[in-house]
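Both complexes below contain chain A, partnered by chain B and then by chain C.
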Partner chain A sequence: MDLVANNLSYKPDDQYHLNEVSFNFKEGNLYTILGRTLSGKTTLLKTIAGLLTPDSGEIEFDGKNFLKVPVWERNVAMVYQQFINYPHLNVYENIAFPLKQRKMDQSIINDKVMDALKSVGLLGYEKRKIQELSGGQQQRVSLARSLVKNAKILLLDEPLVNLDYKLREQLREEFKNLFSKGLADETILIYSTTDPRETMELNGEVIVLDEGKVLQVGSAKEIFENPNSLKVAEISNDPPMNIIEAKISDNNIKFEGINLEAPQHLSKLTEDGLKIGLRSSDIELNENGQEFEVELAEISGSETLLHLKRGDTKIIVSIEEVLNFKIHDKVKINFKIDRAYAFNADGKLAASPFGGLNGQN
Partner chain B sequence: MNKLYIFLKYFFIVVWTVFVVAPFLWALTTSFKDFQSVNGGVTYIPWVDFEPNLEGWKVLIKSPAKGGVDIIEPYFNSLFVTCTASLISIILGTLSAYALSRYTFKAGFVKNNDITFFFISQRIMPPIVLSIPFFLFLSSISLLDSLTGLIVVYIVLLMPIAVWIMVDFFNKVPREIDETALIDGCNPYQAFLKVVLPNSIPGLIVAGMFCIIFGWIDFFFAFILTFTEVQLLPVKIVALNSSVTPWWSLSASALVSVAPLIIVAFIVERYLSKGNLSGAIK
Partner chain C sequence: MNFKHKYFFLFPGLFVLIGILIFPIIFVVRLSLSGWNSYNPGLDYIGLENYIRLFTDDPRFWESFFRLSFLSVTTVILQYVIGFALAHMVWKDIKFKRFFRVLFLVPMMTTPVIMTVIWRTFFHESLGPVNDLLSVFGVAPKWLTDPVIAKFTVIIVEVWQWTPFMFLLLLAGLLSLPKEPFLAAAIDGASPIRKFIYVTFPLMAPISIGAIIIRLIEASKIMDTVYVLTSGGPGTSTETSSFYIFIKGLREFQMGYAASMSFTYLIIMIISLTIIAKVLTKVLLKE
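Right, the complex of A and B next:
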């Protein structure tokens, strides 16, 4: 049973929330919608759930017009980023709610609720009030409530974004296990996130969304290796990919007085207005490298993010250890230029180190 | 420091308690006094300062033929009118408030906020402005001097309060809760009844309390829109007054008339102390 959308558009005010979005989701697969905040992820999920009606376009599920089916008959499940549960019910009643709504047998409800509680690790919490749970536990309850229904379409709208770092890591791991073995083959799983790392880890089919428009569709690996445009490169990397305006001539990449030998995949590019993209992890500290000035140094977890500047060029370097820097310190860095991307003047990918497009094709 | 804090805390509690309770005690003792004990200087303690008697209370249940005022029928009239009007106001008001909170209405330049303001504006006008239209309206449908007529008018007066409180309350209940209910298989009516309403009980209690209070204490409309057939308690109490002010029966009737409000206050206080009013929605 496929979920197919054609040219969905939704424009409630003067901005598109969805702009000609089309997709073809197949059962048993995981789809990740990657986009920044306000890119239309929630709108898209709500449209699939039936909470929003698009201005134009169509959605078909199992060959039938989905837009004619009201929300409560669609058999979808959704987990919100804001831990939404029913505050007047306890944990058990919350999870049993959708089953009771279907007038199932009490004993079947009981079995299913217990199974769901077990799979999210909340056995023993049945009688608790929702308000007595931590954020992570609340989110597990809403996940259990959506699992218990055996919905054909499971929508997860940034389910981890409001959790603290540690819980996020832990739940992400549990999600991965649940998705890989716990879900039936006929479920379509749609997961939205702003976090590229989450996207890579979940390793499903990725849809990159920006300003309501689909920018690229492909496997997580594909998006990582060959982002088709500057926008995608920015969205799918955290910190965003460094973009450097440079000139390529005589087999050399030149910017801010720096001359780097162009690697093979970039050497054939000659056009004007090229931009070189390089991930923050592909730049390293090196005594013999180029000198930059520190604008800001932030330590996040076990990693140091250095914001550097040289002339008009600003870059971010991530270093896998905790280091102390002062503002205006001078550091020397080395570009792993063989990992560099090139984008042409209108932002399209011109060449990739993973052999996607190159200037000649 | 700590002791001073405790001292000050209890000091203010005691002062405030005296401030609140004293008038009630004063009314209570006065209701058992006679002409002599009220007018012959200040007296406080029954049996010591004055000889208590039940005359003030007896007047309230004696029929007018025997020189009493008989507030029993007006009392139940008042209860019936207030409760019915409050109940209908709460039901209609909650439904309108939910619609105003969740759906977008538009008729030319009139939008949701304008409709909400229209409801509240009914209470902005001084009652005297409304009295003539109400009078003419009730007389045109032959409901002057009847309980039904009073209920209709009270609904007009009380529903704005319910709408006002409930719109604000529903706006604080996350919309995602309704949406989750829809996704979990409720149609919009079930979502309202099974999920939104149970989470709005604190708001309903507050709105209900205000409706009951404002309905119960109304004198003006009860006075203007009734004559002989039907009387409400506040009007009847005023009828107690004659050339010699009967402080004892006035006090007794005042106590009887605040009794329902005190009962309402105790019920609400129970909800408050259970923590059911606060923190229903995180």
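Right, the complex of A and C next:
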């Protein structure tokens, strides 16, 4: 049972929330929608759920026109980024709610609710009121509520974004387990996120969305190795990929008075306005490297993010340890230039170290 | 907070309270123990005589009390149902929403006594427009002079006058509800009707209880409508407690006896409203 969309557009004001979005989702698969905030992820999920009607385009599910099916008959489940539950019901009643709507037998409901509680680790919390739970527990309740239905389409709209770091890690781990555990057999799982790391970890088919437009579709590995444009490279890397305006001539990459020998995959590019893309993790501190000035140093977890400047070129370097720097310190860095990407003046991928597109073709 | 002069700051408020509430209540209790009437105006002491008369020898008071209970409960239920329906209607996105929101409030902006005079004219049995219209069908109900129909006339006028108040409270309640549970309910497979039963109505329970109690307190004082519309008639068939107390106290000047009725009425109202609030909380909030 496939979920197919053709040219979905939604433009409630002067901006597109969805712009000619098409996709073909197959049952048993996990799809990750990656995009920055306001890129149209929630709009897309709401359209699939039936909470929004697109201005144009079609959605078909199992060969039937899905747009004609009212929300309450669509058999979808959705987990939102805010923890949405019923404030007037306790945990048990919350999870039983969708089953009661289907007028199931009380004993079946009971079994299913208990199963769901177990799978999200909330056994023993049945009688609690929703307001007495922590954010993570509230999100577990809404996850359990969506699991209990055995919906054909399960939508998760940035479910981890409002949780603190620890809980996010923990729940993400549990998600992976749940998704791999047969749940996805006949379910279409659609997961939206702003976090490229989450995309990589979930390892599903990725749809990169920006300003309501699908920029690229592919496996997590493909998106990581061969982002088809500057935009995708920015969205799918955190911190965003460094973009350096450089010239390639005589087999050398030149910028800000620096000369780097061009690796093979870049050596044949000669056109003007090239942009070199390099991940922040592909730059390292090195005594014999090029000198840059520290603009800002932020420590994030066990990483240090160095914002550096030389002339008009600004770059970010991530270092896998906690180091202290002062603003205006001089540091020397080395570029792992063999891992560099090149983009055309119009932002299209020109060459990738993974051979997605070569200077040649 | 331990502050030496804190009681000093309570005095202004306490003073007003004593003047307008505590003293009058104590005075009514004292008055109810006297035989003050037009022949014998004075605070003599006759013990519980007034109360004994009230409880053993005045069926008219109890009849008017049960009539009042019937009228207030019926009108409040009708106001709640109609008010909720109207509020629910303009809560959703419909055309001319703002227009309807104002329209439904118009009755509340009118002067009750004047409006009741107009209603009386409406329902006038031989000259009123209502019976003029109904004469087409060959019927002419005695809106104001039939003992049973007159009660319903009072109910119609009360409901017309005060439903907007209920509407306003319930609309404010609906607008303050969180939107998320409704999203969830739609996705969870609840049709619009089930959504109302399982989400809207339970979420509205606390506001509903408040609105019903406020209206019950107000409705248990029904007096002006009856006074203008039927003067308690025909006979005593639309007479309410407050109207009866008014007749005894301010027309017949049996001040002592009227005071004992007022005090009894106050105690009954406090007890019954407490019970009603408890029951409503239990039924609607399941607590």
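Going forward, the second predicted complex is superposed on the first by the 359 of 361 C-alpha atoms of A that agree within 3 Å, B and C clash if a C-alpha of one lies under 4 Å from a C-alpha of the other, contacts with A are read in each partner's own complex, and residues count from 1 in each chain.
Just so we're on the same page, contacts are C-beta pairs under 8 Å (C-beta built on N, C-alpha and C of every residue); 3 or more make two chains touch, one makes a residue touch a chain.
All values derive from a computational prediction rather than experimental measurement.
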Partners on chain A (chain B, chain C) - clash or fit: clash
Partner chain(s) touched by A:F23 [first = chain B, second = chain C, both, neither]: neither
Chain B versus chain C as contact partner of A:R145, first or second or both or neither: both
Touched partner set for A:Q131, first chain B, second chain C, both or neither: first
Touching partner for A:A77 - first (chain B), second (chain C), both, neither: both
Touching partner for A:Y86 - first (chain B), second (chain C), both, neither: both
Footprint overlap on chain A, where chain B in one structure and chain C in the other make contact: 49-51, 70-74, 76-78, 80, 82, 84-88, 97-98, 101-102, 142, 145, 149
Chain A residues touching chain C - in the complex, by the definition given at the top: 49-51, 70-78, 80, 82, 84-89, 97-98, 100-102, 142, 145, 149
Touch list for chain C against partner chain A, complex: 178, 180-181, 183-191, 194, 198-199, 202-203, 205
Contact set on chain A toward chain B in their complex: 46, 49-51, 70-74, 76-78, 80, 82, 84-88, 97-98, 101-102, 130-131, 142, 145, 149
In the complex, chain B residues that touch chain A: 174, 176-177, 179-187, 190, 195, 198-199, 201, 279-282
